[in-house]
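I have a structure I would like to understand better, so I am pasting it below and will then ask my questions one at a time.
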Amino acid sequence: MKNIPVAILGATGYTGAELIRLIEGHPHFDIAHLAAHSQAGKKAGEVLPGLSGAIAELMLATADAAIPDAVQLVFTALPHAAAAKSVKTAIDAGKRVIDLSADFRHQDATAYKAAYGIKHPHPELFSSAVYGLVEHARARIAKADLVANPGCYPTSTLLPLIPLLNANILDDAPIIVDSKSGTSGAGRSAKADLLYCEINESVKAYGMPRHRHAWEMEEWALGFGGRKVRVRFVPHILPMTRGMLTTLHLTGDKPESWHQLLYNTYRGERFVRLLTEGRLPSTAGVSGSNRCDIGLAVLGEREAVVVSCLDNLLKGAAGQAVQNANIMFALDEGLGLSEHALWP
Amino acid sequence: MKNIPVAILGATGYTGAELIRLIEGHPHFDIAHLAAHSQAGKKAGEVLPGLSGAIAELMLATADAAIPDAVQLVFTALPHAAAAKSVKTAIDAGKRVIDLSADFRHQDATAYKAAYGIKHPHPELFSSAVYGLVEHARARIAKADLVANPGCYPTSTLLPLIPLLNANILDDAPIIVDSKSGTSGAGRSAKADLLYCEINESVKAYGMPRHRHAWEMEEWALGFGGRKVRVRFVPHILPMTRGMLTTLHLTGDKPESWHQLLYNTYRGERFVRLLTEGRLPSTAGVSGSNRCDIGLAVLGEREAVVVSCLDNLLKGAAGQAVQNANIMFALDEGLGLSEHALWP
Amino acid sequence: MKNIPVAILGATGYTGAELIRLIEGHPHFDIAHLAAHSQAGKKAGEVLPGLSGAIAELMLATADAAIPDAVQLVFTALPHAAAAKSVKTAIDAGKRVIDLSADFRHQDATAYKAAYGIKHPHPELFSSAVYGLVEHARARIAKADLVANPGCYPTSTLLPLIPLLNANILDDAPIIVDSKSGTSGAGRSAKADLLYCEINESVKAYGMPRHRHAWEMEEWALGFGGRKVRVRFVPHILPMTRGMLTTLHLTGDKPESWHQLLYNTYRGERFVRLLTEGRLPSTAGVSGSNRCDIGLAVLGEREAVVVSCLDNLLKGAAGQAVQNANIMFALDEGLGLSEHALWP
Amino acid sequence: MKNIPVAILGATGYTGAELIRLIEGHPHFDIAHLAAHSQAGKKAGEVLPGLSGAIAELMLATADAAIPDAVQLVFTALPHAAAAKSVKTAIDAGKRVIDLSADFRHQDATAYKAAYGIKHPHPELFSSAVYGLVEHARARIAKADLVANPGCYPTSTLLPLIPLLNANILDDAPIIVDSKSGTSGAGRSAKADLLYCEINESVKAYGMPRHRHAWEMEEWALGFGGRKVRVRFVPHILPMTRGMLTTLHLTGDKPESWHQLLYNTYRGERFVRLLTEGRLPSTAGVSGSNRCDIGLAVLGEREAVVVSCLDNLLKGAAGQAVQNANIMFALDEGLGLSEHALWP
């Protein structure tokens, strides 16, 4: 089989870097084009210290440079709004696209505007975009030309939540989502509040009163879980590079039966692992892997806490994107992805 | 004024070390005796690398060595159960005591047994113990011979919660307490799961289904807040040495009025700081200080998140203990304590 | 091609864990046996949180349990002395062995005794052991039944040093080796001085007056570099999990020509990368990869500093072991190993 | 005694923040003026999260705002060149000045130009500046109107080196200085290479072929040690906020006698601590204190390694500045400074 040429736009952010690493280790995709607007003209290896060999020598193109004709799949790892424009260009050029920004995670421009505060530049593409939460959307992903790769917080929230919503056993109360994220999720731009000395030895909540991902969670809790819920979401930033842990504080019927519900949904999944009841996951257990680990502890008669962990750059971004790519091209879904963490 | 001689039992754990540092910098207390059972016979400076000068040369006594007659105040920074025995001995010898363990934080042996799983060795002392949550118990502390220094999680939870309970505006629902703690709270014993490489770059929840501090929170929510509440408490351990952040997910009447309630309670306090509405604290902002910082964000019509931060070794342990000691000896409450963080 | 069954003894330390991860991702080796004495009877996944799937379910054997007949290659990741005994047993059973301990890194019992302070239990095996510094010993490794996998500090020192020794341009003075290592190199045993709170936010030198690896460096500086040198080695432990950086402070003839010497030696190598002159490597640039990055800066007329970086668990341990295994079984040397770092 | 009003220019960098904390805790200095050009018009507490109380409410002035007449002492914590201009203005206004920049650490414009690459704006002030390496310059500091506060690397190098130079027992060879610094030394500006995710889990050497502080070391090795030496200095940046460790690789006569030489020099000092022979310091042991800890290990007949540790923001910057201020105003030298570390 001849390899499939791909392009990565936004190649020098943390998500872009992770995409490069994954594609480099993938047996059936090849990188044919890397764009990184602010670094254009440099070699990839000058900006990304982890790269070696030929890929490190590849010249970075500008964001608007033409993508080679041979490229079949484009990954866009760009800020929102900028992403939509590149997606439009790529789709018009006949490429398939996996967009890692938030631009196509919503199904209409109103929700997008509520979350992002701007008018969407290309709402005409909404109808063709598939929300790529892999374990719940495989059939649609396989046929999609445009996959919206889910956000990290929504992935860590929706995976444990959807089976419980589908079982219709949760109380009709807001879903409390308390998330803790490593700092790489905040991106690579030179902001004073992301300096080492500001983040190290510190934790804080941010994004109040409503983080953008709350809308995404609600939209797809309805989309996949079939229930209109209110999500009360409080994210925190932690002194670590990778990793995301989401704590769901839930109430409902028979929490002692929820472990089985989760088990039934995910037992065949390679990249969602349910821990034995009472055991709770750590982010170290998934770092470097494409896994989402889920644990559940029953706290009382109608109360449980469900905890999920994933690597925000992998199952929360580049890893799920490659999983989507594998499905789009009818490849083994796990190609190029690790089930095991880089531990310690 | 002649200085007051004090003793510290359990001097070589992290809390004991912090007590030594604070007393060394205190103008009216002097260290007359240090005990540390497993390290007895060594000099303090051999076990505690941060100490210098005369105190570093002081020999560590065994836990059961007699405390010098001149000592007026004993700090016990020992494991629970062991602490109670040392407290009893010290009280019988006519000393005043500040116990940093959990042994006297409960008012009856039943609650203690529920939380700690053992029969309390000296329940006869319960009636004389005062729960030293300073801002809400000054008058009783001043006269106490035995102060139970509050736990770190309960301090970070009760300080923001009490004014809201007193105002009787919270819904009659469980209080959701999602806490994040630095690793020093887990103590200095050589356990594999506390190794650097196990904690670094990782976060996890622990202590399920019910951490011991949940009982303490409920007991004193009632004691100071006047309401019987159910606390749903989920603590997490973080890759940082110091710092504790507690996120309270609350519902109730008119959350837009809560900031004023907190302000009214704490406006004159040196060691509780309320941030302007909408701003949320970070643990870096309190690390090395005796402060508890509180922030509030209204999330919806009846929803708010209240976040508190403190240094678990200071306001969460040794700092509050010194604050208690100042009150017991009618000294300025802030002596030997810093309002400012060691930042960065 | 049918896969080659391998065994890992000492499977639950950090090096053992990394070996499992690498072999799991390797196309031609399969894990047939895992031993971990203190954890025997548990499943691998209970002790190693990063593992998933079938390997996580594999039961851990005792150290002295019989290795299945089918196993062709045994990795020993055990403490020194214990390793030698297991190596002997495996060799006697007709297995090929890669020993990651220090037991066969020396060519005679005298040097071993000087470095490790004990009598070697199986000196009769010295003559058959090959020191597996891959880039300088391929031919011998290919034929070896027993490969002594080099230490992390010696690998990071010898790779940059050997070409300069061979060129005979260094002054006849001690080689000053100032190394900085992540904490995972100190192993996974529950020691108080390896606790998170003792390592975090701290750096110290250790192992004085002479760390064991100094003898190993001198023996193989002679072995591969052809010169008897004195190594003055000072290692430091750093608050990070993985990564090792070695700074060589060197004097000699025409340091402006040394970059070319290094280039000539390593230009064809996949896992040794020479940075362009004046650029210096970081450990982040190699973490998760099997690379050793080398940089050189000329400081004066006869002075240069040469800096090397590697991941102590990969090129410094498990990665080089797999590289050796590939050579022993005539496979592509890079199978199962990454050239790119997991960055950030 | 009435308190002495002081001003801090460059108040919102890490060194400025530390100066504020120290002066706030000082019994005889009061902050009367804070300037921070880029943040002017904000309150100090908005930019510095660690501050509380009245100082947090103080408005930040522009760099060129007039300093109140009452101010007797000005601390300049500004970038080089900018500092010289502010120093000139303050001196002309009759203030005494402690300059924490590099602008007055050299005794002539040639050395300054070699190190900093620019023409010095006020060379006329060189003759009146005193290099404030406290333990070796007390008498001159007491009378100075302008003290040049030493750099962090030079302080950590000169303190252990001067006694050995004075004893004239070191070989006539370059002094090899291998330093490791926490990241706060790099300042608070928003640079991409100082982002949390770039520094965390990484170490690298930088500043080659010659860091600016090498000239400063040589100038004062001559000034205080009486010997013209060549310093071969290689600094490294580490994933920690505070702390600096310097490893001196030295050769000379009778290294077994050097510990005594160091002891003789520093035995009466509060802020320089010599560890017992063979013990080596850690940065955790000095973090938060104004101490420099020194350890020595003899490696061979004519070889020793001397290791020093200090907190780069304290003894390496703001702490030594306050020590200088105490001397200038004839106060107890240790006022407002801690001998004990904030440990852990």
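Order of writing sets the labels: A, B, C and D. Residues in every chain begin at 1.
Criterion: a residue touches a chain if its C-beta (ideal position, glycine included) is under 8 Å from a C-beta of that chain, and two chains touch if they have at least 3 such contacts.
Remember, it's a predicted structure, so these values are computed and weren't measured experimentally.
Novice: Which listed pair, A-C, B-C or C-D, reproduces B-D with over half its contact pairs identical?
Specialist: Matching pair: A-C.
Novice: Relative to chain D, which chain's C-alpha centre is the most remote?
Specialist: Ranked by distance of C-alpha centres from chain D, the top chain is A.
Novice: Centroid of chain A to centroid of chain B, CA atoms only: how many Å?
Specialist: About 39 Å, centre to centre.
Novice: In whole angstrom, how far does the Cα centroid of chain A sit from the Cα centroid of chain C?
Specialist: It comes to 35 Å between the two C-alpha centres.
Novice: Approximately how many whole Å separate the CA-defined centres of chain A and chain D?
Specialist: Roughly 45 Å, centre to centre.
Novice: Considering chain D alone, which of its residues make contact with at least two other chains?
Specialist: Only 14, 184, 197-198, 200-201, 239-242, 281-282, 284-285, 287, 344 qualify.
Novice: With touch defined as at the start, can you tell me which chain B residues reach chain A in the complex?
Specialist: Contact set of chain B toward chain A: 174, 176, 178, 180, 182, 197-198, 200-206, 208-210, 230, 232, 234, 236, 238-243, 245, 247, 249, 278, 280-285, 287, 295, 297-300, 303, 305, 307, 309, 344.
Novice: Can you check the complex and tell me which residues of chain D touch chain A?
Specialist: Interface residues on the chain D side: 14, 183-184, 188-192, 194-201, 239-241.
Novice: Note which residues of chain B are touching chain D in the complex, please.
Specialist: For chain B paired with chain D, touching residues are 14, 17, 20-21, 24-25, 48-53, 55, 184, 201, 241-242, 270, 273, 281-282, 284-289, 291, 338-344.
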